[in-house]
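Dropping the structures in below, format is C-alpha cells.
Look at the two complexes coming up: chain A is in both, with chain B in one and chain C in the other.
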Partner chain A sequence: MLEHVVNGLVLGGTYALVAMGLTIQYGIARIMNLSFGDTIIAACFATYVLFSVFAINPILALLIVGPTGYVFNLLIYRFIMKPLVARAPDEGALEVDSILVTFGLLFVIQGVLLVMFGGGYTSYSFLNSPVSMLGTVVAGNRLVALVLSLTFGAVLVGVLYRTRWGMILRAVATAPQSAPLFGIDTNRAARTAFAVGGALAATGGGVVSMFQTFTATAGVVFTMKALIVVILGGKGSVPGAIVAGLLLGLVETFVAAYIDPGLTLAAVYTVFLVLLLVRPNGLFGKA
Partner chain B sequence: MKNSFSETIHSVRHLTSCAVAAVALAAGSTGLMAQERESVTIGYVISKSGPNAGGADMTVTPNYELWVQEVNAAGGLTLPDGSQLPIEVIAYDDRSSAEEVVRGIERLATQDEVDFILPPWGTGFNLAAAPLLARFGYPHLAGAAVTDKATEFVERWDTSFWFMGGSADYVSAFTDVLVAERDAGRINNSIAMVSVADGFGIDLVKAARPTFEEAGFEIVYDQSFPPETSDFATIIGEASNSEADTFVAFSYPPHTFALTKQSTVVGFNPPVYYLGVGAAFPIFPGVAGTNVEGVMSLGGIDPNNALNAAYRAQHEELIGRAPDYWGSVLIYASLQMLEQSIERVGLDRAAVAEELSTGTFSTVLGEETRLENNQLRAINWVGQWQNGEFVAVSPEGGNGLAAVQLPKPDWE
Partner chain C sequence: MTMKTSHAFLLAAAVLALLAAAPLLIPDYWTGVLLGMTGYVTLATAWAMFSGPTRYVSLATVAFFGVGAYTVAVLNETLPYPLVLLCAGGIGMVMALIVGFSTLRLAGVYFVIFTFGLAELVRQTVSWWEVNITYTMGRYVFLPFEGRHIYWQLLALAAATFLISWGIGRSRIGLALKALGDDETVAAHAGVDVTRIKLLLFVISSTIITLVGAIQAPRWTYIEPSIVFNPTVSFMTLIMALLGGAMRLWGPLVGAIPLFLLFEWLSVSFPDHFSIILGLLFILIVFVMPEGVLAKIETLRKGSPK
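And now, the complex of A and B:
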C-alpha cells in the first residue's frame, strides 16, 4: 500500500513538473501553447547533447537549459505572440489565435529536431540508481523530478503570493483589462510569465530526459498530459497543477496495482471527466 | 479572340505532342526507349515523423539508404544485358498514418510511375500496402512485418513476400528454451508476462498464451498496458511479487528501455528476462546504463558469420551507426534479392516477382538464400546479449546459433 503511494507520488511529481509551466503560460499570459510539449522535447535533446557530447552532468545542464528556455520563450512572445495579443479584440479570440499559431510552431520545432536528430529513439542513463524512500525503492532520477517539482512549486507560490512582482502577475491573470488602470504593464507581465513557463518546460524536459525515452515527435504526448493536469488543477494555479499532477500519478499507480495496468488511461480520463462535471474550473480554479 | 488564338496554339501543340508520341512509340518498338532510360526509379513511403518514426528510422530507412548508396557507388543496378542504371529514389513521409501510406503508394504507382516500390515500416502498414501493391502489379517485399498469416496472404496476393516470420515462430522458439531450462530444473513453472496493448504486443501475447500453457507453464501475471505508459514501477513490482522465474514483456522500445531501467533500480533479476522491440538495438546497453548480459529478445545474429559482420561494418560506415540485431539484416537481404532478380530478369515486375519466388540468392544471410512459399524462414528467432553482442541462441546451440546462457547474471 505504502509502496504504491510512494510510486504514485514519484510519478505524479513528473506530471506536476511538466504541467507547471503550461499553467503559467495559459493562466497568466493567456496563451494556449500547443508547442509546449515540443519545448520539453527540445530541452530533452539539449540535455542529452550536453551530457553525451560535452559530458555535462544533466543536473548542471538544467542551469543551462532552463535559462535558454526562458530566453527562447521570451523571443517567441516578443516576435510571434505580441502581434496577436495586440490585435485580439478579447480573450477568446487570443486563445483561438494562439492555438493556431502555436500549432504551427509545434511543427517548426519538431521539424528542426527531426532534421538535427532524426526520428529515432533517444535515451540515456543517468542517476538510475536505487534510492530507498519509506521502504520503497525508487529511481533516483524520478525522485529528482518529484523534489524539483515540489521546490519549484513552493518557490513559485512564494513569489506569486508574497512579492509585489507576483501580485502584478496575479493581477494580470485575474483582470487583464483593469490591470493597466493601476499602472501595470500587462504586456511585460505576460511576456515574463510566458518566458517563466518556457523555462519551467525546459527544466522539466531536462529532468524527464534522464529517465524517459524520447523521439523528436513525442512532444504532443507531453502537451496532452500537461493540458489534462492544468485543466484538472485550474488554469493558472500552480498549487492546482501540483495537486492534480500528484493525484494523476496516484490514480495511475493504484489502478495499475489493484485493477489492471491496461486501465490507467481510462482511469485518468474518468477522474478528469468527473472532476470537470463537479468543478468545471478545476480543483483550484476560480469560477 | 484571344481565347480562340490560344486554343489554336494549344491544338497545334497537342498535334505536335501526338506526333512526338507516335515517333516515340515507333522508336520504342525498336528498343530505342530502353536505351534512353537513364535510371531506375524506386519509390517508398516511410514514417519519417509520428510515433512510428523511431522504429522505421532504426530498421528500415537506413537500409534503404545504405543499399541505394552501395548500388549507385558500384555504377547502378545491373540489367540482364550487363548494362547498369543508377537508382533514383522518390521517398514520401507517411507521418505514421495508414491513410498516408495508401495515398503515397497510389501516387508512386500512378503519378510518379516508379519502377519498384519498397514497403513501409510495420505490420499494419504492410497489410494496408499489400492489396494496393498487388493491384498495381508491384512485388511487395514486406520486411518489417511480423504476421502469422503470411501463408494466407501469399495466396491472396501472390506477388507479396514476407521476410520477418510470425508471432508463433518467435514464441515457440523461445518456449523451447524455457522448456529446456525447466526440464534441467533451473527455473520454476511460472511466467510473468506483460504486453503493450498495440499491434505487436497483442499479436505476440495472443500467440504466447496458448504456447506457454501447452508447454505446461503457468502464466501467473498477465497484464497489458497502454502504449503511452512511461512508468513501470508498479508492473515490475507486481511481476517481482509473482515469484515467477521467467519475465516476458512484449513491448515497444520506450517500454523496453523503461522496463530495463526500472528492473535495474529495484534489482528485479529473474533467471529468464525477455523483452520486446528495442532490446536488439545497438543502443540498448548504453540506454540501460548497466550490464545487459543475459537479456533475451527477438532476433539475434551469428557473430561468426563473416557476411553479416561485413554488412554491419558497412552500415556503420555509410550510415554512421550500427544496424539493429533483428530486422535490419532481413530488410537488407530482401533488397539484395530484389537487386539480383533485376540483374537476372530485368525490370519487368512480374518476372522479378517470379524470380524472387523461385530463385536462389546470395545475400548477407547466406550464399543460398531462398524463399519458401514466398516467405523467408531462415530467421533467427531468439537472441540473447552475450559478451556485448546480441547473438542468436537455441537451447543447445550449433548451426550458427550459440547456446543460451541462463540464469541471467546480475544487472551490475
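And now, the complex of A and C:
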C-alpha cells in the first residue's frame, strides 16, 4: 500500500514537472503544443545517449538536456510559432493553427527519433539499488526522481511568485490585453514562456528516463497526460498542475497495482471525462 | 459554381459510372490504388464535413476507422456481412455520441485534447480486452471479397458521403453551420442550437469514417490493434482535407488525390523517412495555404491584374 503511494508520488511528481511546462506554454504563450510529449521523449533519448555513450551521470546530464530544450523551443517559437502569432486575427485562429503545426512537428520529431533509435523499448540502469524509506522499499532512482521533480517545481513556483520576472509572466497569463499597458513586452514574455516550458519538458524527460522504459512513439501518451493534468489543474495554473500531476500519478499507480496495468490510460481518461462533466474549468481554474 | 445543378449531377453520375467500370479495364494493381484513394477521399470528405465548418480539429479519425475495421474482424465469422457493417456503423455512432456529449458543450480545445488520445485509448483498451478476456491477440478476416468488390463498396460510400455533404450544405443545418463557423456566440443568440448541430455533424462524420474502416477490413486478412489504429491514418486524412480546403465540398477530394499518390510513392521510396517528410509537408501547408489550395487559387485570380 505505502509502496504504491510512494511510487504514485514519484510518477505524479514527473507528471507535475512536465505539466508545469505545458501549462506555461499554453497559459502564457497561448500555444497548444501537441509535440510536447515528443520533446520529453527526445530528452529521454538524449539522457540515455549521454549516460551510455559518454558516461555522464543522468543528474548532471539534466544540466545539458534542460538548456538544450530551452534553446530548441526558443528556435521553434522564433521560426514556426512567431509567424503564426503574427498572422492570427484572434485567439481562436491561433489555437487552431498551433494545434495543426505542432501536430506536424510531432511526426517530424517522432520520425527523427525512429530513424536514430528504432521503435524498440529503451532503458538504462542507474541507481537501481533499493532504499528503505517510511517502512517500505523504493528504488534509488525513483527517489532521486521525486526529489528532483519537487526541487524543480519549488524553484519554479518561487520564481513565478517571488520575482519581478515571474510577475510579468503571470500578468501576461491573467490579462494578455492589459499587460502591454503596463509596459510589458508580451511578445518577449510569450517567447520566454514557450522556451521555459520546453526546458521543463526536457528536464522532465531526463528525470523520467532514470526510472522508466521509453519508446520513440510514446510521445503522444505523454502529451495526453500532460494535457489532462493542465486541464485538471486549470489552464495556466502552476500550483494546479502540481496537485493534479500528483493526483494523476497516484490514480495511475493504484489502477496498475489493484486492477490492471493495461488499463492505466483508460483510468486517466475516466478521470478526465468525469472532470469535464463536473468541473470543466479545472480544480483551480476560474470560471 | 456556375454550372446548373442538374448538369453537375449528370456529370457526377457519368464520372461515377466510369470509376465503377474501371476495375474491369485496368490491372489489379491500379484497382488497389483506386481503392486506397477512394478510401482517403471518403475519409477526408467526412472529416471536413464536421471539422471544416465548426473549426473543431478532430484528431480521432483512426479511432473510428480502427473500431470499424476491428468490429469486422471480430464479427465476420458469426454474422452475415451486411449485419456486420450495420454493427460497425452502430458502434462508431455510439462512440461518437459519447465523445460528442462530453466535449462539444465546451470550448474547442477540450474536444481536440480528447480526440488526440482517443485512438491510443481505444487501442490499449481493445488490446487489454483481447489479452485478458478473450485470450486472442490478432484476428483473421475471411470474406470472399476481391479488391474490386471492396472498391465498389467504398465508391458507393464515397458517393453517399458527397450527397450527404452536399445536402447538408443546402439545408437549414448548413445555414446554421455557416453562422456557427462565422461566430458561435452570434449564432447561439440567433436561435441556433449550437451543441446539437455540432453533435449531429460529428456523429454523421464519425459513422462514415467507421464504415470506411469496416469496408476496408477484408484487405488486411490479418488484423491486430496496432495495425488498424495506426495514427498515420488520422494525420493523412487531416493533411489531405487541409490541402484541398476543409470548407468546400470538393476541397478534400482535390487534396486527397495528389497527396495519396505522393504518399504511395514516398512510402515505397523512403519508408524510414516517411513520417518526417509527411510532417514537414504538413507544416508547409499550414504556413502557405491555411485555407486550402482552392481558396489559394481563388485569391490569386482575384489578386492578379487583368
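A few notes on this one:
Please note the rule applied: the second predicted complex is superposed on the first by the 268 of 287 C-alpha atoms of A that agree within 3 Å, B and C clash if a C-alpha of one lies under 4 Å from a C-alpha of the other, contacts with A are read in each partner's own complex, and residues count from 1 in each chain.
Here, a residue touches a chain if its C-beta (ideal position, glycine included) is under 8 Å from a C-beta of that chain, and two chains touch if they have at least 3 such contacts.
Nothing here was measured: the structure is a model prediction, and the numbers come from that model.
By the touch criterion defined above, A:Gln212 reaches chain B but does not reach chain C.
Of the two partner chains, chain B is the only one that A:Phe126 touches; chain C does not reach it.
In the superposition on chain A, A:Gly262 contacts both chain B and chain C. By the touch criterion defined above, A:Leu34 reaches chain C but does not reach chain B. Judged by the touch definition given at the top, the superposed model places A:Ala190 against neither chain B nor chain C. Judged by the touch definition given at the top, the superposed model places A:Gly118 against chain B, while chain C stays out of reach. Touch criterion met: A:Gln110 reaches chain B and chain C at once.
Look at A:Leu100: by the touch rule set out above, it reaches chain C but stays clear of chain B.
Shared-chain residue A:His4: touches chain B; no touch with chain C. Taken together, the two structures place residues 110, 114, 221, 260, 262, 265 of chain A in contact with chain B in one case and with chain C in the other. Put simply, chain C touches chain A in their complex at residues 55, 57, 59, 102-103, 106, 108-110, 112-114, 116-117, 120-121, 124-125, 127-128, 131-132, 231, 235, 238, 242, 272-283, 286-287, 290. On the side of chain B, the complex with chain A involves touching residues 47-51, 53-54, 56-58, 96, 194, 197, 223-226, 228-231, 233-235, 237-238, 253-254, 257-258, 261-262, 264-267, 278, 281, 283, 286-290.
Across the complex, chain A meets chain C through its residues 32, 34, 80, 83-84, 92, 95-97, 99-101, 103-112, 114-115, 220-221, 223-224, 227-228, 231, 260, 262-263, 265-266, 269, 272-273, 276-277, 280.
The part of chain A that touches chain B in the complex is made up of residues 3-4, 7, 10-11, 14, 110, 114, 118-121, 123-126, 128-130, 137-140, 142, 211-213, 215-218, 221, 252-253, 256-257, 260-262, 264-265.
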